[in-house]
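One chain, chain A, appears in both complexes that follow, with chain B as partner in the first and chain C in the second.
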Partner chain A sequence: MAVCIAVLTKDNCPLYLTCDKTEDALKMNFLVHTSIDVIEEKLNSTKAANDPRDVYLGQLYPNEDYRIFGYVTNTKIKFVVLEAVSHPIKDGEIRDLFSRIHGAYIALVCNPFYNPGEPITSVPFTKTITSLLRGSYLASGS
Partner chain B sequence: QHYFIQSNLRMSRGRSNLDSKRVSSELFTLTYGCMVAQLLKDYDNPYEVNKQLDKMGYNIGVRLIEDFLAHSPSTKRCTQLEEAADVIAKQGFRMFLGTVPEIKNWSDAKDEFSIILTENPLAEFVELPPTCTDSLWYSNIICGVLRGALEMIQMEVKVWFLQDTLRGSETTILEDSLPAGED
Partner chain C sequence: MGTATDGLFDFFHHQMIVYFEETFGSDQIQSNMERIGYRVGFSLVEKATKDEARFKEDVEIVKYICKELWQMLFKKQADNLKTNHNGTYFIQDNRFRFLTRVSQSKQYMERGHLYLAFTCGVIRGALTNFGIPANVTSEVNISPTCKFQISVQQNS
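Coming up: the complex of A and B.
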């Protein structure tokens, strides 16, 4: 079950972070922050491989309570998803989740009144992300 | 015979010109959006922006009507406002915006009606900033276009927005009225 979704810019500034009600927001913030290092490392190492940039980074690093997944777009916008180990999600679903987050981000950027790089306050975007959080909970919860 | 061949060539060149000039709807939507955002930055006053959009629309409309009439030669002269409204909705909007609105709410004197757009390609993905949610009519350019186009065919109309999905309604409604005394 996804407990937290975060959006970061290419300079790793946080644009948006949301978590499930049951989780501690500060802890989520901290975990996302620590995952930035791992993302950068992965990105720098794959530069030589000349990969296409819309990259699903997979699991970033193991943690006793959470698994952290990363995804980077061509424009170096990073999405980070934290998932509780107690309710694991299938790999295919994680990829699907990321592509939906990406879609929501694209819709946000098409709004002429939103300047890329600003913290995200858009209501439709937050609604989509919250429903994705809840949706993934419903999908894997029994 | 010679003239016939020449006119055929002109027609086919014209058609391929039309194809190569097709622009993706996303580019159009984004262009319009950036224009409105820039106007808002320049004028800072949503009411002023509404006026500017109307003016721009008017200038577009007086030119667009020629294009419209050229591409729909089968349209006959409208004797009543109802026929004109029908043509505006079914042909005009469809040709340029790709959507067909409904015409409803005719007034008793049959000189005022509402155009209801269930989908507005100009406003896709747009969210109004909180400072102008109650004052900016985002697609006001449409009002200007209608006013300009109809003025060129000797119909003086007033067009204004009643409701907008960007302001929370379910549909976008424009009101069109012909002042008394016109044909």
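Coming up: the complex of A and C.
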């Protein structure tokens, strides 16, 4: 189960960060912040071993308690997901999770009352992300 | 999108121009249409590129606009793309959707640019969301052919 989901703009401003109630929010903030460097490095590297065109960046760096995954859209919005080492998630599920986060973000941008670049306060978005955090995405659904 | 909605959007687009003229005056039409187009382009690109591979260069992005975005908006691709490889691009459309609805006679020639303002905004919004700030202008000499000029703002 994911313990933290974060959304960052192309200038690395945080738009949204939510974490499991059992986790320390400050520590999650710190870990997401440190992952920015790794994302930038992956984006700018010219000698990518994997498919350099993939929007899913995979695991960013190892930590003893958490695994951190990154995903950057074509519109330079970054999603970061932290997952507890004690609850491993399969690669396919992480990709699916990012796909759903992306879908929620698209729905948010299409909302005419949302100004891109502002911190996210939209209720449907936070609802979707919170339910993804709890793992309800594992059940069948849109 | 079925044929019923195609005509609907053409009428709606035209009526937006009429509305802005009546409500705000003729000098405000272009900027208002452009502003609306900007937000539309921004959101459209967000939605459309969800499952696309990552773009590496500006040229790829402009090509995407000419092909996929044009296909979405106008059911056809843009007819010509020229670049000076230094941040300026020209997109030419020989049968621009909104201009085909306007009579070709000289009487309405000055109003041609109003029908391009929305699309200029769409292109600008799309480029901004890709991370390429740019200015987009348009010109129409012989309707329904029109040209859009993209000038990428270089970072100082």
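Note that the second predicted complex is superposed on the first by the 126 of 142 C-alpha atoms of A that agree within 3 Å, B and C clash if a C-alpha of one lies under 4 Å from a C-alpha of the other, contacts with A are read in each partner's own complex, and residues count from 1 in each chain.
What we mean here is this: contacts are C-beta pairs under 8 Å (C-beta built on N, C-alpha and C of every residue); 3 or more make two chains touch, one makes a residue touch a chain.
Just so it is clear, the model here is predicted, and its values are computed rather than measured.
Participant: So in the superposed three-chain picture, is A:73 touching just chain B, just chain C, both, or none of them (first/second/both/neither)?
Facilitator: Once the two structures are laid over each other on A, A:73 reaches chain C alone.
Participant: Under the stated touch criterion, which partner chain does A:90 make contact with: chain B (first), chain C (second), both, or neither?
Facilitator: Neither partner.
Participant: Figure out whether A:113 sits in contact with chain B (first) or chain C (second), or with both, or with neither.
Facilitator: After superposition on chain A, A:113 lies in contact with chain B alone.
Participant: Is A:127 in contact with chain B, with chain C, with both, or with neither (first, second, both, neither)?
Facilitator: A:127 contacts neither chain B nor chain C.
Participant: Have a look and say if chain B or chain C is in touch with more residues of chain A.
Facilitator: C
Participant: Which partner does A:10 contact after superposing on A: first (chain B), second (chain C), both, neither?
Facilitator: Touch partner of A:10: chain C, not chain B.
Participant: Who does A:103 touch here: chain B (first), chain C (second), both, or neither?
Facilitator: After superposition on chain A, A:103 lies in contact with chain C alone.
Participant: Quick check on my understanding: which residues of chain A belong to both its chain B contact set and its chain C contact set?
Facilitator: The overlap between the chain B and chain C interfaces on chain A comprises residues 110, 112.
Participant: Can you list the chain C residues touching chain A in their complex?
Facilitator: Interface residues on chain C, with respect to chain A: 39, 42-43, 45-47, 49-50, 52-56, 129-131.
Participant: Across the complex, what residues on chain A touch chain C?
Facilitator: Against chain C, chain A makes touches at 10, 52-55, 72-76, 102-103, 105-106, 109-110, 112, 116.
Participant: What residues on chain A touch chain B, complex-wise?
Facilitator: 107-108, 110-114, 122-124
Participant: Residues of chain B touching chain A in their complex?
Facilitator: 26, 29-30, 32-34, 36-37, 40, 124-129
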